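Chain IDs A, B, C and D follow the sequence of writing; residue 1 opens each chain.
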Amino acid sequence: MRAVEEVVQETPTVRTLAFTDAAMHAALPGQFAMVWAPGAGELPMSVMVHRGEGKAAFTVRRHGPASSGLFGTAVGGLIGVRGPYGNSFDVRRGRLLLVGGGTGMVPLMRLLSRAGGDDDVTVLIGARTAGEVFFEEAAGRPPGGSGSRAVEVSTEDGSRGRKGLVTAAAEEALGAGRFDAVYTCGPELMMLGVVRAATARGVFVQASLERVMKCGVGMCGSCCAGADIVCRDGTVFDGDHLLANPDFGRSYRNKAGAPEAYGDARGAPAPGAGIGSR
Amino acid sequence: MRAVEEVVQETPTVRTLAFTDAAMHAALPGQFAMVWAPGAGELPMSVMVHRGEGKAAFTVRRHGPASSGLFGTAVGGLIGVRGPYGNSFDVRRGRLLLVGGGTGMVPLMRLLSRAGGDDDVTVLIGARTAGEVFFEEAAGRPPGGSGSRAVEVSTEDGSRGRKGLVTAAAEEALGAGRFDAVYTCGPELMMLGVVRAATARGVFVQASLERVMKCGVGMCGSCCAGADIVCRDGTVFDGDHLLANPDFGRSYRNKAGAPEAYGDARGAPAPGAGIGSR
Amino acid sequence: MAPSLSTEVCPSLTIGAPTMLASGILGISADVFARVAEAGAGAVVTKSVSREPRDGYQNPTVTGVRGGGWLNAVGLSNPGAGSMAGMLAAAAGGRRGAPVIVSLVGSAGPEFEQMAGLFEEECGGAVAAYELNLSCPHVARVGLEVGDDPALVREVVRATKGATGAPVIAKVGLGSARYMDTVEAALAAGADAITAINTVRAMSIDVAAMRPVLSNGIGGLSGPPIRPIAVRCVYEIALQHGAPVIGCGGVSCWEDAVEFMLAGASAVQVGSAVAGAGWVGVFSEINAGVRRYMEDNGFSGVREVVGLAVQRR
Amino acid sequence: MAPSLSTEVCPSLTIGAPTMLASGILGISADVFARVAEAGAGAVVTKSVSREPRDGYQNPTVTGVRGGGWLNAVGLSNPGAGSMAGMLAAAAGGRRGAPVIVSLVGSAGPEFEQMAGLFEEECGGAVAAYELNLSCPHVARVGLEVGDDPALVREVVRATKGATGAPVIAKVGLGSARYMDTVEAALAAGADAITAINTVRAMSIDVAAMRPVLSNGIGGLSGPPIRPIAVRCVYEIALQHGAPVIGCGGVSCWEDAVEFMLAGASAVQVGSAVAGAGWVGVFSEINAGVRRYMEDNGFSGVREVVGLAVQRR
């Protein structure tokens, strides 16, 4: 168990809990942990960066029982952490586009911390409303080298940044400039939109999938998508692989393991659809 | 399991079985292994030296069911080997006296292989009769350096070497010359005689005890002697420690774990008394 | 001639390799089954399905054990027999890979009869055998609670046998009654083979949290810790009944597989070991090791190895 | 104030540290008991003694298990009750160290009565308690064969209780009957505490030799592999009976000891772990860790830790 050392309130419903754990500190961008809030439950959580030797963090949105238990863990409270699990983003050099929705920003923040100082990175953040935007400032912090960092927020209600879905912002960015790689994490239909947009332009793209995860180690099968075992083959997949996966953007396995459709499958992205509340 | 690679007939009832095993090759002098002859049984056996990289051997006297099974293992036959277990002789430099009875010569041969080329070593071998003497030639092989090797055989029936017990030869050697250390292995009453003789003259002496051994790792307790657990505290003990052990030369635990007296306890050494046939 | 890995599990079921995917492991997707078959498994066993879908327990449902092994109480979450049958039927068209054994779980004969009937109807040709889970140790009214009641075992086996011509395998475990009674009841009622064993009822408590780790408190222990127990059961069943046995419990390398075969198992199931470094590569690794063992020891087929250690000390 | 390691095993037995030497481990010599006590054990349990001495089985009697743990079938070799009583009587004069608990094994009430009577007569004052071995899994007519028969368990416990005023502890294990029936029978007959568990029936087969390793074929599994099973049993006994329990099975570090305490054990026994690198140093290591744990978590005594995880998930 790890003791929570610091709690940062990112939005009214999102908190970052920092702790010390060498293995989590060294996690690759995109890797996740199984995080146990004793008495509340255990959930897969992307490993968040945190400044300081041996430090790491989780950034959690309060929603159902387990995430609320984790969200409610105060400084000094204990959480169980196993992992890191899964593969990681293939961090390229050059002009990078990061497209995150909600807590999908978490692995992108770790990716950003691994981007080169000379890389030019554009970060597109999607949220429903202004009060739900977080990591905007951190994402925009200038890198050490000659590179740049640009952050653009989209909100569905237009209360901050541009009005509309972040997928529209991504389409526009991809149309306007040349990118060497695109990385996305968030609701699956959002990712479907981003993957399609990048693939249509022949740009390398990776997305990190979310599924029901019990073991995290490729044993229980609860996280399967097509022939992929997301916790072990992924969670990060290349765009073309995903587009060939019959489940991507179309269906996921519910807690019983039965397939369930994502809202308006393969149609317009609908943030918030699917499992979890990420 | 290890395949027996070579069988050397030392006497009609004693054979050396050589095999390849890195851990056994590296065993320290005095260490033993638990050796399994499938279908016949498992016995503690001192690790014998054998020429060649990664080679080791056991030298076994045919007696009861388990030793006969091991003795009868032909080239290509499989034996189970676990260990090495126990501590080892503290190999000193200078003038050394080695006193071995029967297969008690085995750990002394490994000790001899670790003696310095400049050391002067006297080896006293005890046996009942000429046909039971072995390792005489190997023990006398001149060392690489300026040191010497002298071997003297005692047989009870006088059919080879001096007539009488090897303890008498040891007494005489200790009376005649100065030794820096004495090492002994063989029947316990023989060792008692040697330890007493050396101690009386203030010479450092070590003996390797034999007891019923089941686990070899300090768990089952079958090998206890006084407060010592022979497989783990020993099998090698310093003479003064042994003389303070109420069981040394007096009694051992039989297979049921009950104490049994050695022949004429603390009296005249009687070769062959005690457990095993070593 | 290179020795053959193919093995007769029971007279009516011969598979191409002696390693099967155990039930509950990667067990809900036909696409994944095909992949596991490509990885070398001679057969795959589905997650145990019940008549109705089950969500199972909340996480934590799986935890590693200090000192080795895994503990789980997923609570038999499964999509239900209907969903599984539909999936297998859909997959059966473009069918690749190894035979699929459907694992069934329930509380009484009629449930098993209905489920087996449903599979026979929807995708009968795609089901190589049925495995009856009489041994899940941590869910009420099913699994061990059935296995511990020999009369119920007979009923359940007979009901399944009545609904299908495919082989019926009874999967037994260590419950609170004599497991050998379960074996005897299953064989008497016509079971074609026995799988031994399921996970063993166990618990992990976290000393910092001061509470059981699994949300269900008690779970089932799997992996290397239970192998010597499972080998003993296979040996006892082979010794007492000479019945076809599938060994399960802690198989993670070829030595483990061979150990089970020597004890009397004509095939082994691999479960938790897929969590290891080689992941599903563990099947081909084990198969290769078993083949090498047969070569080195002059065996031409699995059958020659099976049961060699029985009555030999 | 530093927390105290002393623990009340049952109302009539309080010991200075919560770690005991398990039966059958280094268990035949009073000199060795004194040494183990100096090493930190709060009590030592003797090798199980029978009315007559027993040679036990031939080697191999103990073997390490691939993947962890130990398997043994020493066959209850022991010097007999008379020899053990004599030795304890002789040692009682210059007695140092921890309380000695005498483990008894037999097939029926009168044997236990006789043996307990003999110890009471020869060295009554030197025996802190009796532990009844109702759970050895690999010897005919004793151990589990007694434990699996609740009527016999009652008889044996009553017979022992009748012969001594010292606490009587029933040591249970996983046999072929419901172990909880054994617990219930023992408690109903007046047992003061339960030790759970003994080794678990298991087997190792050597793939090169193609035969079981132990001369007896089947033996008992001990060490880390059985810990989660033992913790579960302690938890179930504490949950269902609230009776004093001594945890045994796979304890090798302080976390293991605390895990058992949280599950409801007022003390633990340490067996195979003495084969580890620290040897008998394992007792003081565990004690130190338990003390640190109590300090770090603000507990002043063992009693505050015992059972904390029961009914808490």
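Definition applied: a residue touches a chain if its C-beta (ideal position, glycine included) is under 8 Å from a C-beta of that chain, and two chains touch if they have at least 3 such contacts.
These numbers were taken from a predicted model, which means no experiment stands behind them.
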Taking a step as a move to a touching chain, how many steps at least join subunit A to subunit D? 2
Moving step by step through touching chains, the smallest count that connects subunit A to subunit B is 3
Please name the chain that ends up farthest from subunit B once chain centres are defined by their CA atoms averaged. A
Interchain centroid distance [CA atoms averaged], subunit A/subunit C, Å: 36
Distance in whole angstrom between the CA centres of subunit B and subunit C is 52
Numbers and ranges of subunit C residues touching at least 2 other chains: 211, 215, 313
Shared interface positions of subunit A, touching two or more other chains: 39
So that we know how the chains sit together, what is the shape of their touch graph: line, ring, star, complete or other? line
Interchain contacts (touch definition) - all pairs: A-C, B-D, C-D
Along subunit C, where are the residues that touch subunit A in the complex? 24-29, 31-32, 34-35, 47, 53-56, 58-64, 70, 72, 74, 77-80, 83, 206, 208-209, 211, 213, 215, 271-272, 274-275, 279-280
Subunit C - residues contacting subunit D, complex: 65-69, 71, 174, 176-180, 200-205, 207, 210-212, 214-218, 221, 224-229, 231-232, 235-236, 250, 252, 255-256, 258-259, 262-263, 293, 308-309, 312-313
Report the residues of subunit B in contact with subunit D in the complex, numbered from low to high. 1, 34, 36, 38-39, 41-43, 65-66, 78, 80, 82, 214-222, 224, 226-227, 229, 232, 253-259
